[in-house]
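Per-chain residue numbering starts at 1, and chain names A, B, C, D and E are given in the order in which the chains are listed.
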């Protein structure tokens, strides 16, 4: 899932301050799961903003709504009425959701309330870890299911750097060394030979290096 | 002799766990984030509270209903103390506050779920034989004997069978292999898979179940030898054919939970198939009349009985009546009109939907009706000619034998079957889309939550557990057959009728003030 | 065929969310609820979705308590984040007589006008104090109507409030000596009475009085609360007067058909005097239900009261006693005393206090009452939570004082309608077609003590524990 | 004429920790308004309820929870504590002062302690002044 | 400059002599004098001077420029190049440029992560990793092609070095990785500082077993310790460093003024031990901001004078 983190109140205050009527729009999928933009966060943030502005002696009208997904038209549509009643939308979705809303409603300022951080998983309660960079060329089969592109600080393709120590990454002793994990796992799987092979430089065209990406499924286009 | 062979039919237990991911137990075991998934608890616990998939290195949520609780402290496998990270906590499950009621306590429900899962009496310290109602069965106990004899006949040598036809009228001398059979639950009120599952269970246990008044769905045909056709006032789905299928036909005059009221099926439950079966319109609420339009007297009643006997010469006739103050007369009248089985249904019984005022206030509890009818039939000299079946508020295995000792030949069970299928007795059987747990509903989605096989296994398991309890009681009194227990009220005591010094020898009933 | 009495009920939704019984505790941190199998989305009662709708508007978490207790969210949540609890407000709702579920069911009936129906069996104690220690009878075959719930309009729940002469005397020329006494009937054996506490604003009084008027029953009112606004409903008003003010009041309030005189030792005289003065006025005597009740009943019956109205306390207990008896026994005593004196048929007995549920009406009548009056249920119908804060002049949590009288009227009509239907339920099961025939029919009821003695006595011997528990 | 405004306190309490409103009578004589919300477990306080209490005009919000390790729901009071801490931070960010929100382990009948807690809250309000977002 | 002339370092090593290299960090400024002064300190004591490439992710004079300054002084530079800051295009272009300026040695590294440096907010590149870089240089040199396969008009001449850290985890994999670098085209290997001789010996043993010492020249890293504090710092804070407790104790066991001497003593002992290990073909001195000590150590270790360039 996409992991995000709500922006600081100070920052949100800054970006919403020009507006008098604000729709706080949550998204019920990824950012809900990481507690950044679901119904509860919408309610909490709205309440906090009301308090904030009231304290400053300003009046602001805040409406709350959460749709299932802000990245799909069917669900975006459900917000149309609420959006039309407000002068701006504070979207608590990931960047994709913010832009999807912005694109669908040409005349409405759409403001981000969440920093989209990464594609990751809930490792355990309260701990989200990055697991994928979306590089567009998945080589997990070689690496025993552990991705050095997203999980190695140096994206090394040919083994750990000299900083790996007791299974931890040199840049942060709390971070597991991806290569240690790759090696452990391949050892367990009896596939350590994968690592003797030279991995040529990665083709980054499928990643951000290629500019904004598109995925076209010709079979779906009529 | 064919029947004698059948009496000790003893189907095997098929372990059948809950349909739901999280079980409800008396205790709650929580694992906090300190857990390092070392797997020690899974190795330690012999009850299977902590489970692990072989190939999955995270611990699973504890299977709480298997936990034996604080008593486990004595054991060297007590997971709470042994956990190297102190990641486990044990406490009484606070959810119990919201489960159960005065008659079916939380522990009784949980215990029955466990019986239905395993076919055994629970290992957890649950009080499953006594409710919290403060009267009736909950104050009646079997007398203590000098020695709690463990010897005696083995379970499989104890005869639990009941003879249904005692009239010697040339009709089959049908027996069922245990002293209870299933009460009527109509097609329409209860999910089809549930009632078919009950029929399958009845076949495996060699007992009976009953159609209720909703007609005879063809799914019953393979189990026809074990399905009673009910003829109720609505006469829904009653056809010559369905009378001919049946080993027993039951005339339902009244139902304990709503005496004086006909059945009531809300419009929502009348799906196309239900409507077709009942020859009515989809979505129309159905009120059965009360009573039979053609019955004004015992003579009229006799005509009914004769009519059925004429259609099916092998059929036995049961008459189901409620428990008014003259229930004894009614019972005798039924017998004289030709009934083989007199079935009295007490006021605290279960139902799909009934006005609260009726469930609580009308007609007498079965605990009074059984001795009353038994005594009267005996005095009339016809007790040996009729099979007296009791129902309505008979919840558990001990209630069954208490009812028999009070004078019944056997009992009819309804609610307990549903509890085996994980009914929580929330009471919303008829509201909205029907039972949220997929039992008493015809909703297209909810009605598919249960499979026939699952229902069958759970019900069979529960009765196998009960049978173990019955055997213990019979052994205690040196009996080899449940028939020896009938009317042996001398073996019973009632706590309110004992001197203080005597009373303290008996297990007191739970006496908890509930929020109702 | 005469027009049959029916109570037209129609939904009158509550203004405030009723205090619900259950809700879930969720450890939300364990899951954010975006799972495909999320039980919050699957709840068949839609509780969680509704809760979110409310969260934007509510200051207090009351709306959370709408759970129907099916346990599916608890059992199916993939992360097991739910536990269930009882609403602490529900726990403290009412008291051990006016129990939370009684209040709840009253709210339901006032809301819908339907009788409370549920599945599964009875869930309460085997037997209880007071009315809970008796059961009503039923008949397998005899039925007042032969068509299930249809044809019920032929069951008559009406009672009389006027005096009945046991026989007519004629003079030698064949003409009746006394004039035919007026016959005064109400269609339900339930009358309303002004509550002793509560926010009794004009709106509340209007609601109750209009409901009584509409139902054709009576409303017992404290004369201080009488105002000209109520004059057009005079037909249904019964002012509760004393010897000091009855003359003034009767002059001030025209059109009154029935009055009540609170009992004292001059009551007999006053009643005789009034009878002569105001022929046609129905006179009730208001009597405290204490140890003297039965003898006063005899006295009042003999001096010509139409109706004797006994007041127990709010929990249905005998007054002025250290060891009070329950209204059920008191009704028996008064009724049997009059029967013994052969004057039961002269008067009507109405009892008040502790009538909390429809079944109490039926049981009170079986014990020997003609009818009952209710007060606290009226307040509950208007959403009262029996918090008694009004007694300390604190604000009513449900703002009863501000109700719309039409809404309040409908709520009370719904309640009485639902009670009447339940009374019919009981009468139907018993095979009784007239509420008047139910009076004193103890033979058609079953009492705990009798059943125990009759059925358990021969088995268990002598009962060593007195009482019920 | 200036009407002295009484401080308003909203109290969320777990009925297992504290269900004894009578013990609040120790505070009689102290002028403040108290609004109470009882909960079956302190974990029923959601972030948003705490904020709404402030929106409704509370000058301070107190949460009474069971002593650690004694929660009927095992970790309800810990959850409550974490949520309260989260909201405290949020209040600081808003500029409402996190001190306005406090969590206490309470035990029924310990009137002395309860009195102390309330006096502390009142003196805090006195320091901070009324809720500026009223 | 004759393009075919090999580097001095290559010649020393291929002659089977025990090589000495030293590290020299370019200044955080544009003044060439500083690098010249450092070079002067090393002159005559070493066979080549490693010039770091924005070491520890702190901005310094570019490695190429510093190399040219040293080269002009007659010292032989080893240009270090990290993949952190340049993508493959810049790397190749810089290699061609360096070659054109007469730089004949390259040490291919991935580079310290920018979070350790002065500008942790920088974007890193890591387009390719160090093994890829080794391979890339090898292909450019041997096949005369750039990464796209384009024939270079004149291929760069480079003696290709790579780094190895025998002390990092997972230990078993370290030798595999060494082999990988060798296969990719490394001619020589410079290791992380050796304090833990035991572990280094073990690593060398594994490398010998794999036959790697036959294919490549291994230069063991040496860093003289100045103080106990430095020893502790290196042990705890510097990634990939293995300073055994015994060494720290030894440093702490002498009076403060004598600590530097003790550090040098440890160095000398280490060098003596290293020379006994089969397959170690030289040492690489990393005297961090202490270049003046290199000469002393080399002399004391009996490695002076260095063979003269032909």
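Couple of notes before you dig in:
In this section, contacts are C-beta pairs under 8 Å (C-beta built on N, C-alpha and C of every residue); 3 or more make two chains touch, one makes a residue touch a chain.
As the structure is a prediction and not an experimental result, all values here were calculated from the model.
Of all chains, the one whose Cα centroid sits at the greatest distance from that of chain A is C. Seen from the Cα centre of chain E, the chain whose own Cα centre is farthest off is C.
Simply put, of A-E and A-C, more C-beta pairs touch at A-E.
Once the centre of each chain is set as its mean CA position, chain D and chain E turn out to be 64 Å apart.
Chain C has its Cα centroid 61 Å from the Cα centroid of chain A.
Centroids of chain C and chain D (each the mean of its C-alpha atoms) stand 41 Å apart.
Centroids built from CA atoms put chain C at 36 Å from chain B.
Of all residues in chain C, those that touch two or more other chains are 28-29, 55, 83, 85-86, 91.
Of all residues in chain D, those that touch two or more other chains are 46, 48, 52, 55, 73, 75. Annotation for chain A: residues touching 2 or more other chains are 40, 43, 125-126. Contact residues of chain A toward chain E in the complex are 153-167, 170-172, 177, 179-180, 183-184, 192, 195-196, 198-202, 204.
Listing the residues of chain C that touch chain B in their complex gives 21-22, 44-45, 68-72, 74-78, 80, 83-86, 90-91, 99-101, 105, 115-127, 135-141, 143, 146-150, 357-359, 362-363, 422, 425-426, 428-431, 444, 446, 451-452, 454-456, 458-465, 468-469. Residue ranges of chain C in contact with chain D, taken from their complex: 23, 25, 27-29, 55, 58-61, 64, 83, 85-89, 91. Residues of chain A that touch chain D in their complex: 8-10, 40, 43-44, 47-48, 50-52, 54-55. Within the complex formed with chain C, the residues of chain D that make contact are 15, 19, 37-41, 43-44, 46, 48-49, 52-53, 55-56, 73, 75-76, 79, 82.
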